[in-house]
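Have a look at this one.
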């Protein structure tokens, strides 16, 4: 694998209509997981990506595995357990921008992942390890696994890309601050949103946030600024990379995962920081034009077309 | 009960897609009734509210009763008949703001309500009686019942809140003017929209309308001005209460019923006219941010949060 | 037209799932009307058939007209009114053989049909007039129209086929007995089910029923015996015509209308009573193998194939 | 209340089509709980029934409460918690008789019920307490609550009806045997299925099972024999009560709950054991003719009609 | 017939949700065809319109015929074949303005239309023949048929209205340019969009385009400018006719067909070019306010109301 | 790969309800292909299976590939083309046993498969090559490819399993007889149904059919007898293997593919003919108890359980 990532992927039950959930009769199932989104994004852009996790030995676990495998991601390291079910959550949407999730992931199969089952060679052979701040929040065992995986990467020269992805429903501020801070210090690349950066560092501007994360040990920092693009900083360079115009914003979900996938793709292609950030912006801008977490992830061809100044997609064609 | 209201609640068959009804294949059923909306709104805000009507002894009648009872409204005075079916209507939506209804309510069960079956004690013991201008338009018997209920309230010191709610599909202008004018003259509080006020009084400005309604016998007048809020006037005070900003308008239906529920809630909480109007504005502004007649009716907690300057709801939460 | 028929066709709202209606959320609309079923059946078998009625000037009226016209039936004599809506009914299905309907047809557009608007030439020029016992139950005006149409037919040599089609939800036994008895006495062909025959005549066996109807003035009698076929009797001949085996009964609704269409088709083709009854049996047996009132109505080719001893349809084909 | 019951009621997500769950895209939500089914059954037959539980402070908790309240059951003793979510489960149906459930109820809101929050007066004032063997399997606290409720009933002369309702997914055989055996010994009436009876007593025939349960302290025993009816035995009488013929079996789910509701209804009406068992059989036979847990629960009128030798329902009516 | 048109009408399978088609599970069928849209539009406005084509002898062919016949269009000249199926296509919608179609129309039934089967009298008796540039792109035989029909019209004084309707998925630029140019030269009225006009003539402004088309033989030219209206030019007159304001754009599909129908209606009503163009604009502006190709086509009454300065439709009505 | 297979896999659009297709509004997409069914069945039973084909460069092609890859089948040899679309077909179901398909596969992407693109090493390295009689019917090029693949297998000692799978909609009897006869003569194992065997050999009994196929060159013959099991014959042994009882037949589609997968699984496990046939029967009997082509394909564990005398699945579990 060129890239390896791991984490919990759940079955999302999305409400059939925009209304408080008690008034919704029907739900449709989807696959949702930040890390598998990134892996799928990388596979679609032509990279060899592996994702591992623990799934319940149940229909939903089979569904998640089929979906991710079907998108060309290596799932040979995914484990199955009879001890706990695959996590699920319900997604309520009151209006396009009022979304709430109701988790049924406490003691899920993924929360039983642990460092003893880590295949270190799988991580060691990868060029890049992608980790998020969700996994260490799942359980103490998952936290240990996360650090063990990062240490393995460090030891074998696998670059670490860390996306904080803070989930306030999973832990309190103190714990989150401590753990995510330590992760940032181990990472070669840290990809926070600006609010996340403020939380992690106490800094306010992108410059301050980046400065403090670098001081804390991070190799490079890329701060996501939504439609405005991103600010990047490393020992070598720093600057703002503007975002690509979004013709019509359809669904903001998955933008961050698309950004991460685009950034990692750039790294794998040997791009320097500014170019990789520009690629990340491109992928992010394409993703938000399509409904769904992975539906809008582009092919390499589409990304290159946008980077080359063309339109990422076409209008009515018949 | 703190509040009692009565009227026709129908089964609404809403089109599954936005198109002229002849091209729509599927419909979903809902419960729709101005007065029961108000009762549900009050129950959700923690008040004891009763609603009565006459339903068909049929599945749709059972559905309406289950729905309203399930929301904590007292339905012990609802009657059932074998003589006529529960009213239904079809809702066509061509575009978000082009809506048309097709009634099947002529000679419905509710139109058979009559003054002989009125439980006067039920009205007499309530602090507030809520009436709308829909009920007297259903049948001559319903008209008599409406006035009898209002007289009962008058006699026992139950305050009357009157919402004209003019339905032009149900009667002609002459009849409507006469009956609704008489009702306004009997009411302690009259809550017209500005167009309704013009029809009822011939006045043009909110001030003129209020003036004339007071002259006609109304105790106080609150004129709804949509997003702009409301104008109120009584012997004691008068003024404009601005509306709360609506982040995203999703569905204007039910705003008036939410307004009435908020206003009555204020009265029950002992608020003066301006405060009750402000509360009415708050509820109205929350309701229009959610699809459906009752789905958006807030809890007391949500209203208080908005009145206290907070946001009524949160954005994406996970 | 070779055949003319008339009556009320309604929009049927069929429940999306088998459950008491109060628990059903979704409904799908269909077109349902005994007389228009017969007209569609005849058109599909290649005959020129006309159907007239009165529809509301509303989307459901337009839908009914489009559907029937689209099946090749002449609807040039259909009238439209602003006075009343197109009738609708809800269909509840608890289990495959527990079906209940809830009508919203009182004072419907069709009930406003009247003899003044009858185009007598339309009836006079037809070879056959098909009437059912539903129409005279809709309103006194409809009753007059029914008899006027029958008299017109009589006067001009148009043969009358009368299908009692008793709907107990529409009238009481006394009235029904009187009116339907009179209609039977005017008809050239009477097509009752055996229960209907017993009600109309007091006879018990098919022979008795037929005997008494002939005595009452009917020209010929065909008594439907369900899967067993039919018994026929006229001045010339009498006997039993066995039914065709039904491979798999899917939906009994519409069998009677299919029978009537098949019978009339036989008459138009110049067949004698036994042959026409056999054709009626064939059509009826095909119809019950398909879900829906008109969906299973066969083409001439399919009927002929079954009459010739072949299968009416094929199994899995790929 | 005449009857009080308590236990966990969950939101059931039923698959939209018969297939392994990984291949199912859509789900519809329902309310499912053995004890609330019984309460709803009793309310529909005209009894005053109360149900209590603990629900999450979430949309699904609100939905469950609205549904049960809407059916006329007293829910004034239901509690709400922020500590845990309302339980849910997914229902897979491979074929009509291959059904599997996937629970997400571990550490659910209901599992947090405890004896400290028991309103003893609520139980004490009831004539009958209904308990099932599901509740003690939810958590140690729930087990204590169950026994506390039974002791309270014993102390105040409230008769106890115990339905074992064994759920093998919730506990092991040893624990189940011990706890359910103890419950049976405290109960005035024990209502096992025959397999449950064998597990609880080691007996094989209904007679043996009943004998041993009586020896263990039960006041009376009624053993459900499916379509064949039931065997009952007390100190006073014993015998077989044959089942009512089921015209068409649609859904076996909920039959046991209907049986319990019918039995309790008989007790409340003052019937002797054989008559109450016969009533229980009647309700059970009606329930299985309708899809859904509560959809088929009959009114008093329907039960009486069946008991009197009539049909519980009618065929096609129009 | 007053107007005759012909061409391929397909079954459109529209995706149930906005997403890339590989992620869409459900589809709904519709009828889609530029020429039949025009015919339906004309029939709705009260004109006698005929449409002919060739359909597969399959369910989709029957569906298309029923739909078009049901809208009052004469389909007596439609042929059926066993040689090829009715064409279908899938419609993908990523966002409101990103639409893609996937055709399965190669060697479809309609592509087998040919000049030998042309009923010349049908064309000769019509006042207007409507042709589009789609038909000649279907097959060489269809191309011959198109020219034969136009020549027939020319010979008998039937005016030709030609709408280029270029479909780039069906042919290459060279072929298209040659054929469509020849068609324009034969037409009495040419109705291109501005981009089409540029392609056909190389001109840039509406004036240039019109000039060149007139030079090429066209009798008159009307260039559609979207919301801005249209530019017209003939030997007699020229000018801009502004568009009608569109309150809310719902669906741009079908606007061009509505424009053509409105224009032809004007011609049939004896209007001069400017008035007919104004009518065309009116119809186009109404069509885009409703979802679907034919759903929004107005009645004569609606068009006249808009032309007279009124609103084409009403808001919420109840 | 242990097994390699190839052929056309299409997108199936299944009607949402049982009715003639012209009356069906909605369709759901599925993946359908005899050869990919077999590959998925083998992968689910733990074998390494590869499938190759040619797909359109379109959403449906991506969907097919995702689905098959997601089930663990190797798709590395699947090709993509811009020249033609992925084939689709519509599935009409009038009643459970009246099914008709409407193909849109003429000149589909798969029909463009050809021998030049065959990766011979892929076939050569496999232990078993599975071929069906569908592929040679797709196009002359596909026919050549089929024989080329079989010859490659022969040359490298890859055993050939041939399932005739005759599709009468794709070719005439003469051509089919010639080609399929030649294929049978090249195969190590021929798996016809009894009707297919009669067509191929003119023999009537299983014994006659097998005899003649062996004479024609086949290595061994297994004749499928539906629920009755199968008859097998080779140079070494012959006999009847009875089928496993099917508790409830849900869907006969896919039984033959399941049989082939089970048979090949047996061969790969080193089983003798009778044991492999028994395994084939087991898989077939499981498949027909579940709706869908691949949904019912069992795991190795389920097959072994059934072969060991247990039940393949469980009843209601909760």
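Going by the order they are written in, the chains are A, B, C, D, E and F; count residues from 1 in each one.
Definition applied: contacts are C-beta pairs under 8 Å (C-beta built on N, C-alpha and C of every residue); 3 or more make two chains touch, one makes a residue touch a chain.
Small disclaimer: the values here were computed from a predicted structure and weren't measured.
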Path length in steps (a step moves to a chain that is touched) from chain C to chain E: 1
Shortest hop count from chain B to chain C along touching chains? 1
Could you pull out the chain whose C-alpha mean position is farthest off from that of chain D? E
For the two copies chain D and chain C, is the contact made of the same residues on each side, with over half of the numbers shared, or of different residues? different
Can you check which chain pair, A-D or D-F, has more C-beta pairs in contact? A-D
Could you tell me the distance, in whole angstrom, between the mean C-alpha positions of chain E and chain F? 46
What is the distance, in whole Å, between the centres of chain C and chain F, each centre taken as the mean of its C-alpha atoms? 48
Chain A and chain F: spacing of chain centres that average the CA atoms, whole Å: 40
Could you check chain A for residues that touch two or more other chains and list them? 20, 25, 66
Quick check: in the complex, which residue numbers of chain C touch chain D? 17-20, 23, 94-101, 167-169, 252
Which residues of chain F touch chain D in the complex? 247-248, 250, 289-292, 295-296, 313-318
The chain C residues in contact with chain B across the complex are 13, 16, 20-22, 24-29, 58-60, 62-63, 66, 85, 88, 90, 92, 102-104, 106-107
In the complex with chain B, residue positions of chain D that touch it: 65-72
